[in-house]
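First, the structure itself, so that you have it in front of you.
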Amino acid sequence: MSEISYRRIVTDGLWHNNQALVALLGLCPLMAVTNSLVNGLGLGLATTAVLLMSNLSVSTIRHWVRAEVRLPVFVLIIASFVTAVELVMHAWFHELYKILGIFIPLIVTNCTIIGRAEAFASRNPVAASGVDAVSIGLGFTAVLSLLGASRELIGQGTLFSGAHLLFGEVARAWELTLNADYPGVLLAILPPGAFMGLGTLIALKNLIDRYFDRRRAELAPAPATEPEQA
Amino acid sequence: MEFPVASSPHLQGDNDIQRVMGQVLLALLPGVAALWWYFGWGVIINLGLAIFTAVFWEWVVMRLRGRDPRPVIADLSGILTACLLAIALPPTLPWWQTMMGTAFAIVVAKQLFGGLGYNPFNPAMAGYALLLVSFPADMTRWLEPSVVSGHSLGLSEAWNAIFSGVAPAAGGWDALTGATPLDHMRTELSREHLIGEIRQSAVWGDFGGRGWEWVANWFLVGGLFLVWRKVISWRIPASMLVALALIAGIFWVIDPDIHPSPAFHLFSGAAIFGAFFIATDPVTASTTPRGQLIYGALIGVLVFVIRTWGGYPDAVAFSVLLMNMAAPTIDYYTQPRVFGDQEKQDE
Amino acid sequence: MAEQPTPIWDFHGGLHVDDRKAPSKASPIREAVIPKRLQLPLQQHIGRHAEPVVRAGDPVLKGQLIARASDYVSANIHAPTSGMVSEIAELPIAHPSGLPALSIMMEADGKDRWAELPEPIPDYQEADPADLRERLRWAGIVGLGGAVFPTSVKTNVTGKQVDTLIINAAECEPYITCDDRLMQEQPAQVIAGADILRHIVGASRILIGIEDNKPEAITALRETIDTRGQRDIELRIVPTKYPSGGEKQLIYLLTGVEVPSHGLPLDVGMVCQNVATAVAVAEAILQGRPLISRVVTVTGQAVAQPGNLQTLIGTPVAELIEQCGGYLPGIHKLIMGGPMMGFGLHSDSVPVAKGSNCFIAATEAESPDPVKPSPCIRCGECVKVCPAQLLPQQLYWYARARDFDKTQDHHLFDCIECGCCAYVCPAHIPLVHYYRFAKTEIWAMEREREKAEHARRRHEFREARLKRLEAERKAKLRKKKEALAKKPASGKDPKKAAIEAAMQRVAAKKAGQEAADPASENEKN
Amino acid sequence: MSVLLTIVTITLLAAVFGLLLGYASVRFHVEGDPIADQVDALLPQTQCGQCGYAGCRPYAEAIAKGEADINLCAPGGETTMIALADLLGRDPLPLADAEAAAKPKSVARIIETDCIGCTLCLQACPVDAILGAAKQMHTVIEEECTGCELCVPPCPVECIIMVPIKETPETWRWPFPEPSPWIKEAGNG
Amino acid sequence: MSEPAQNPWRTALTAAAVLGFFAILGSALVGLAYQGTAERIAQSEREALLRQLTAILPKDQYDNPLLQDYLDVSAPNELGTEATRVYRARRQGRPVAVILSPVIARGYSGAIDLIVGIRAGGTLAGVRVLSHKETPGLGDRIDVEKSPWILGFTGKSLDNPPLDRWRVKRDGGEFDQFTGATITPRAVVAAVKKSLLWYRKQGLKLFDRPTPKVESRHE
């Protein structure tokens, strides 16, 4: 096996191959739970946890699984981990669990997870798979949180509402309110707001990419190097 | 001798987009006049605000896209969108909501998709839906028609109401505003009152609410003008209204105590206005002849369904937006039989 | 005989456009002067181009065959006047591309001497249709309405039952009046030609479809029919509506029968011929003359004396215009054909061809330049006017997106390019141009696909051949070796070396693959 | 107890499906690759090798296996690349060799006066489009030539030239209508 | 590239073994997680329920184990549902309050689940919305997260305001409606009023009946 560029794995996961913004995977939870920052963050972290565990196990067993049962085995592993995570959340983050509801079991069907298992973990060593899982997961979480934050902000003029669900009672005070008279553009919180928000985020990412592409083209016409901003 | 060349035909009819849009604007006049008569100057201020916002944003977006804004503004489509939206808004809506809705209609619903001709959704209704969903309280607070409240909102009163939220002097908001006839009907029905009792109230006219039904009539005049001028096809308005009347009629026959008459459905809310001016927006509607019939009829049915069982009192905006999504599919499956196509010749 | 009102089946769509026929309609057909030079493109018809049978320097007589049909679907070309072939070269032709094509250039000697012509066949009714068709083929007659399909091919109805011959006298495009004048001045020839054609295709009746804006022609034809006492010829007057002269539209108008979407009138037992073709047929059969001239309308606000001219094929358009008093100031465009379906000429140096029915010298006012199109608002005006009952705006959408499969799903090839959709389009989109673009792209793709298929077959054939040769060579070698091996073996070393080399090669290949593999992996992720 | 029962049930289920899958994978094993055929059908069959493979078929097989990008075919140009992207559900890519793709379609022509009759070009031609024999003048059958240029390098006297195929009124294509190819745009387009 | 013909049954058995093995691992993992969390989950559920009740009736006002002292009643006409649980709060054995969960009101777009606390004397300890489907921005202001309107019930009884004033203001009553939405608050007011009426009918009898036998819920 040749060398693995960890930096590349990390930048891919967080940015270049961001599962939500580039691959457009896992959109169902992405749309459904991001009506507040805390919800987004919660589901993002749960997804990351599952992703990490599944990537690690798939990578560990990658040499022993026959081709014809590869997918069923992956699905089995992922489903087990999701169930475990669901039970844990039910036990320790009860209210958040109630809010995220069906979307926790639905992590099973998040294409990101089976996608990474199939495309990365089943072909790469354990360490690299772990790094990949964390960066992909954090990239996904970042988009969920960002989308949640902007929708919460526009929709009801607050940030970190319900933080105690995730961080315990001390976090109750974290909630920020913009302006008591803010009328709240409800649309942002309702489902259409999710589509518009995601669209805007994707556009923003493309804009940034293009800006840097242009900058790089202007600066260095010589060798095509790797993108440098992480 | 050399000549410039171009593809045939070398003749061009005298129709153009500006003319189409201009005729629709013209056809709006009677309805707008009626609105002004019953609801006062707020209607006019809204129109002004919306047109101003629409032109401003078209200009900005076209500049951002690096194109000449003038022909785009001159084709009147943006102004028409603004007018259609403004007509649908309550006449005392805070100014910033009107501007926000118009900006959304122009920037997001129209220009982000590529401008006129490319928008999958009716921009005016997209703007309306944004406002209704985001500010349902303001969006459902309509003035009582002047024939009911006995008070017509003057220019300065309307101005103050819109720009500083000051209630008109005569009795404040509660005295002047009320539920629209549709809302009223829905509310009373939910209290298990019967239609007969409900219709005792002074707000009711012959078909729908007093005043309201006349607004609808004047829009009908404008709409018929458009059909006569062949600016719009008769198919969509006719099928929509017939479908609405039919389904309302069926329920009404089953139990006239809890289902209002078809006439009530036709002459209340935005049914007439929507049938002639909203559903017929060519860009977002179905274009095949059979498709138009289906498209219109489904809007009519949806209007009834949403009015009767939905979460908001009126339904034209949502029905149209929903059917906008279905229009391409409808078109695909209702392609007319091509001349000489033998497989379909039996039809 | 009092004509019974016969039903007219109105077709979908169509337009009422200002016909602008008055200027050229007024005066009788003039005889155009013989030009000094004539250019005769080898391709004036649908099908394969004709093969020249003369060479530069050859003297030719009027009516002499100078290029021979090279295929079944092809047409002869005759010298329009006497003179000398000056060259065979690529010369400008009337084509939207502006590209030149192989043509015969000849100098007229002004004597206009006829070559020896075949015998007329006055008793055509007794003649074998095949012989008559052979005569039409010799005469190089093609559809003169603009389609230029060889008439001898179109009238070959072997194996089909034809009951009706339709004569297309519905000159529906604005400006054009050549057929109208022809019918007014030579009704006898028209009817005679029609009758000959009827005999050739074996039809039992003739329907002449003519628009009601040509009363003089109607009168003339009716008188002729009455004089001849032919009861099997029916003159049907149709309302003026563009494009009632479209073949399929006219057939529907007259009979209520729809020609199948990918079929021919022959499939419904009909043959349709234009009046000018009928006249050419009459000349070929009754006078034994080939097709060397035709009536051409020259009109438009930018020509001094609009009118109709009996013009020799090959006359340069510039000379034709000259004979009509030349251009007027304000000349902006020169259009060949009608304004709805014709195309703009790059230059007036192109010659009149068999299919050239009209030249319009237009001012900018009467045929304005296309304006910048606005986006399509899907208003559906085009759907209303499309006589083929297509969805023009969908076709436009897909043609624009270069989604050619979808354009064919939406019946692109049923489009007759009549221009109605573009005429009414409020966004001024050059719709017909889009359809032509899509059609020619699809044809080009089809050509390329065929070429690729051909190349594949040749390549596979070659591979197979090489393999066979290789096998034969090896077999030979083996035999040789076997023959050698029978003698005492001494060549162990080279064998070993060869095996070792092979093993090394394999090892190197493996290493190379392994190095390459993960790299491509990363590329993908 | 219930946990144990669950484990047993799931394991049994898994075993049954495993059996099924394993059996199916052998029983329904498909030889060959129909995808390669479909890809091959889209390639222009010039057999030019500009993609780096020995011909159109090998390139098609490489694409089908996922070993090759879809943007390597210069003669097919963008049209072919997009057709491949559609077929395979891959993202369109910019052409690897845009310069080669932009070259006009050409056919080979032998300058007959210079030809020495060495037959080297005959052996290079993948479609047998060159006619000739040793010590005899060769000539290219224009209709058969795919314009692959494979005959150009072997020629020892450099007598083979590539001649762009001339457009004729029959092969002419209507240009894309907008912005109008014939009318200059007024204003800022 | 394909391997030489294999014995299908051999392959199938191997596949089954692999899949089976991972099935054991996976279900074992789930089983372990379940056993590890079951206790904690049950506790969380109880705490959550208790939090709801506590929001209406503070902990220091009663001393019995509220969650274990309940009654299941069915009064569809009065309480809007077939199954309402009545939690009974006592202090030193004497009745303090009942908490009804849920009471269902018919809102603009469907059922509104309420939890209603009534002190032994017949005044309201508090009302909260458990779940609803009302229009966002209009009817959803019955939710305490959106507006304090629902808190206005606390301390009210059938005499305060008098019975005929138990309506929204538009209908000539005591309670605010929201602009643009009358149906929702009207429905809530009516439902609360009905539960008060129901309680008056039942009276302190409610405290006498024994809690039904606890059924095993998890095993």
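Note that the chains are named A, B, C, D and E in the order they appear, and that numbering of residues resets to 1 at the start of each chain.
Just so we're on the same page, a contact is a pair of C-beta atoms (placed from the backbone, for glycine too) under 8 Å apart; a residue touches a chain by one contact, two chains touch by 3 or more.
Computed from a predicted structure; not experimentally measured.
Shared contact partners of chain A and chain E, listed by label: B, D. The busiest chain interface, judged by C-beta pairs in contact, is B-C. The most central chain, judged by C-alpha centres against the centre of all protein C-alpha atoms, is B. If you average the Cα atoms of chain A and of chain C, the two centres end up 62 Å apart.
Averaged C-alpha coordinates put the centre of chain C at 81 Å from the centre of chain E.
The distance from the centre of chain B to the centre of chain D, each centre being the mean of the chain's C-alpha atoms, comes to 53 Å. Centres computed as Cα averages put chain A at a distance of 39 Å from chain D.
Each of the following residues of chain C touches two or more other chains: 96, 369-370, 372, 430, 433, 436. Multi-chain contact residues of chain E (touching two or more other chains): 11, 14-15, 18-19, 22-23, 26-27, 30, 34, 136-137.
Shown for chain D are the residues that touch two or more other chains, namely 14, 17-18, 21-22, 25, 174, 177, 180, 183, 187. In the complex of the two chains, the chain C residues touching chain B come out as 11-12, 17, 96, 98, 174, 248, 252, 258-263, 318, 327, 331-335, 337, 339-348, 360, 362, 367-370, 372, 374-381, 383, 387-391, 393-394, 410-411, 414, 417, 419, 422-428, 430, 432-433, 436.
Taken together, the chain A residues at the contact with chain E in this complex read 61, 64-66, 68-69, 72-73, 76-77, 79-81, 83-84, 87-88, 90-92, 94-95, 98, 184, 186, 189-190.
The touching residues of chain A, when paired with chain D in their complex, are 66-69, 72, 76. Within the complex formed with chain B, the chain A residues making contact are 183-188, 190, 192, 196.
The part of chain D that touches chain A in the complex is made up of residues 14, 17-18, 21-22, 24-25.
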